[in-house]
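Here is the structure we will look at, set down as structure tokens.
Just so it is clear, A, B and C label the chains in written order, and each chain counts residues from 1 on its own.
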């Protein structure tokens, strides 16, 4: 790799050829401000905030988009730059809805930060904000407010490069240029998976999640309602970021305390139903394998693909509707939880299901949509009444005036509050696969997976698509048909990689038996409802925390969860049994691809 | 007109009787590098407005490796006041295509595309006929070079070479970051040479007359002849081929209507020269070389003129970069506000400063050029901005 | 009726079944129907396997790709400064009068749409306008009814 030498602010440095001025400056601890730039995305160079002076040139250069060259003499801070940058920020402000006091991203907005840093005078220029901009609230998951858009196109690039959905585009030009859906139709009328990755990367409040926490407060305040909250694995390793903790801090105990103090009648754990999902899905996989390998049943589709990511589910419904047979019929842990809450839980606690309000706290934007899918009412009621994001929970904790950092730890309530390490790792990409393998292998061979500490590192990591193979040997008699089989598995995260997987399946070239697909890069810990900002480092730290939590659990395999054993004994009877089919499994629908 | 130092030239529209594509044939008998050096030596600069030395561009292009290389003729002539390329394509398409063919031969490129603006769709039938003639001769000469026409779809910004390429790739005409430059990574990521219609026609003439003769026209700084599209308050509207280096005062004497108040050189992206500076300003020095010249007499309101320009920019900006997208709107709204008395006179100074910020921060030439006319009109016609 | 599928097929043959065929396809449809409808965009998306949003984002960028229904003859009057100086506003008024519509509108019988456009490159022979692809130059208000009548007759 060839290197080049250049000067930045009087300091000579050497960098690899191809390094941008922005990255070169980072090496000497100079942080040039940016807006349209995002580490997860390709270079844009359109906001013109990151401009720097290059000796010999009258024009300023965008440091994010300009490769450093030999002999360049760069200034990152000068009157010329500050004045230009201040002008650019002023222009953005003049195009902006500056009612920050009522904005969801108030205090966490990149434009606000810059405007304050540069002491921008909002009255310097005239307002060119278009009047009467309507907020698009048509979607269950995502809200779009064009009056707050700075047209950085991060959302467009996210939906294009990371997710390959391309639901958003820049449209028109000049003073009419804006970010649009197809024909500017409402979100619920276009091909969008609700993954919310766009929301995570929006620097302002132009794209946010639909918020339902006011409804939840109302339910909590209603004495006739019994509010059950369940939290996903990913929430506990990211919630702290909203409450003063460093990225990657596990705040499980305090989180439970906080929710109890907020007034939830019961604080339960989605990890419980994650364990449940493993039992159901594990058995489903083994059943499919038997039908294919023993019965030669060609109507059974392999590879079987996980179905707990609602962004991914909507993706395959739109993009590969002929292959829905590959999806596991299992509901997601959230929805399984909801269905059981209003049947099993209600029964055991002697409650009338109609008085139960089930609230799911998720790292996810798509789960708001999932909770409202028409078919998700197998309990006889809406299985999940409200889906909240990690961000909304953080807000509620602040609203409740809780001094979070000083709270004591508490445990989840029962009877759906116990979980294993296998349940917790659902939050990381590869986690569902690992959890499933831990249990499936044990079921089939009577032994634990042959990996140290049960950690199947082959399916871990952040590469877009990972593959592994486990040999099944010395099976228990009833599973003898699997003797010697190399179980081929794959893990994909981010819808771009989901598309690659499905293109292979569609071409008949997929040699896997079981595939885990998560709609969001990083898996759920990178979900559309997680604290903002996001980048690879943040996601890596959250993933680390997930595996730490796993190791801290006394029980590491789903089928050993005593509450799981109990729910089968006393209610479901058997995996894939009649009750399971009714409450814990679902069907999918074909949607338009374009 | 006597006593004028304005020099007409007769290079591009010079007529002579030769077999079709004779210039191409003769050029192909030379050494490729020699031909490029001759063009370099002639000092020919891009005639679209940016003025980059043509020979240098071709040199870079020739050194690019690879089978897939493209020659693009930028016929997106969208600069208000410019129509010389239209005339060239109607009257001397052969010279244009010859220039493209010479480019293709010297740089080993196999495909040429004429990017023709949508507004010139009516030129397509005749152009296609000429391309058919060319195909015959190319085959005769053993030149593996095909020419196609790609229609624009109505976007001034697609005159910028990377926006043009984006448009050909089926995308929005949003200019790219440079580097990489089209020569290294252009259409479909391949080496691409983009030159203006007049540049290609000029190349044919350089190859015909030789660089020495070509250099004898113009000044030390700007060689050769240039086509000027003239419109407005002038009895001689049309395309004029002139040597570069004349003073505006000479120009006005020849082409004005006797009551010339201002001359816009270089289209709306160029400069507006007031009467008092006619004598001091030389065309081709410190201003653009696109050649669009509009003459305004004393009946014209410069406020109207500027307002017209700004409406144009605000509409045609591609919209991706902040300074241009918002700045053009600010300048437009700003002069309206000052005129209406909603903003004080001093606000005009703020706007001029803003236009200068746009010059140094905009991503492409569109946003970078707005200050040219904005500052010159506001400065020189302040009264008209206020009353 | 324009057969959009056929138009797409022809352009794909020439340009390939990928993104670079998009603008020729849009132009082909505009040449037939003078605008690209929502369902056309979905059809294009299907044929090129790109998202409908991408088709829309590109189409909406270009002034000559209309996405709302236009008349059979789209009149584009040049609004550049020199055409304005030569009397473009009078021409516009004459058109509005003759067609009985305002700028931006389409006649009830869907025969004519009246738009303004930026520099047509006919500055030395202005005021100028395009009627679909045909240029009309050195216009006077008196010429307008004649030109419009010509086009009405063409119909029959």
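Everything below uses one rule, namely that a contact is a pair of C-beta atoms (placed from the backbone, for glycine too) under 8 Å apart; a residue touches a chain by one contact, two chains touch by 3 or more.
Source: prediction; values computed, not measured.
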Chain contact graph, described as a line, ring, star, complete graph or other shape: complete
Pair joined by the larger number of C-beta contacts - A-B, A-C: A-B
Chain B-chain C separation of Cα centroids, rounded to whole Å: 25
Centre-to-centre distance between chain B and chain A (centres being mean Cα positions), rounded to whole Å: 50
Averaged-CA centre spacing for the pair chain C and chain A, given as whole angstrom: 45
Interface hub residues of chain B, defined as touching at least two other chains: 155, 172-173, 315-316, 318
Touching two or more other chains - residue numbers and ranges from chain A: 170, 172-173
Junction residues of chain C, two or more chains touched: 57-58, 61
Residues of chain C touching chain B in the complex: 18-24, 26-27, 57-58, 61-65, 79-82, 84-85, 117-126, 130, 133-135
Residue numbers on chain C that touch chain A, as the complex places them: 38, 41-42, 45-46, 50-58, 60-61, 67
Complex contact set, residues of chain A against chain C: 165-173, 180-183, 190-191, 593-594
Complex interface listing, chain A residues touching chain B: 43, 45-49, 51, 58-60, 62, 65-67, 80, 83-84, 87-88, 91-92, 94-95, 124-126, 128, 150-151, 153, 170, 172-177
Complex contacts: residues of chain B adjacent to chain A: 155, 157, 172-174, 177, 179, 313-323, 325-330, 333-334, 337, 343, 350, 353-354, 357, 359-363, 368
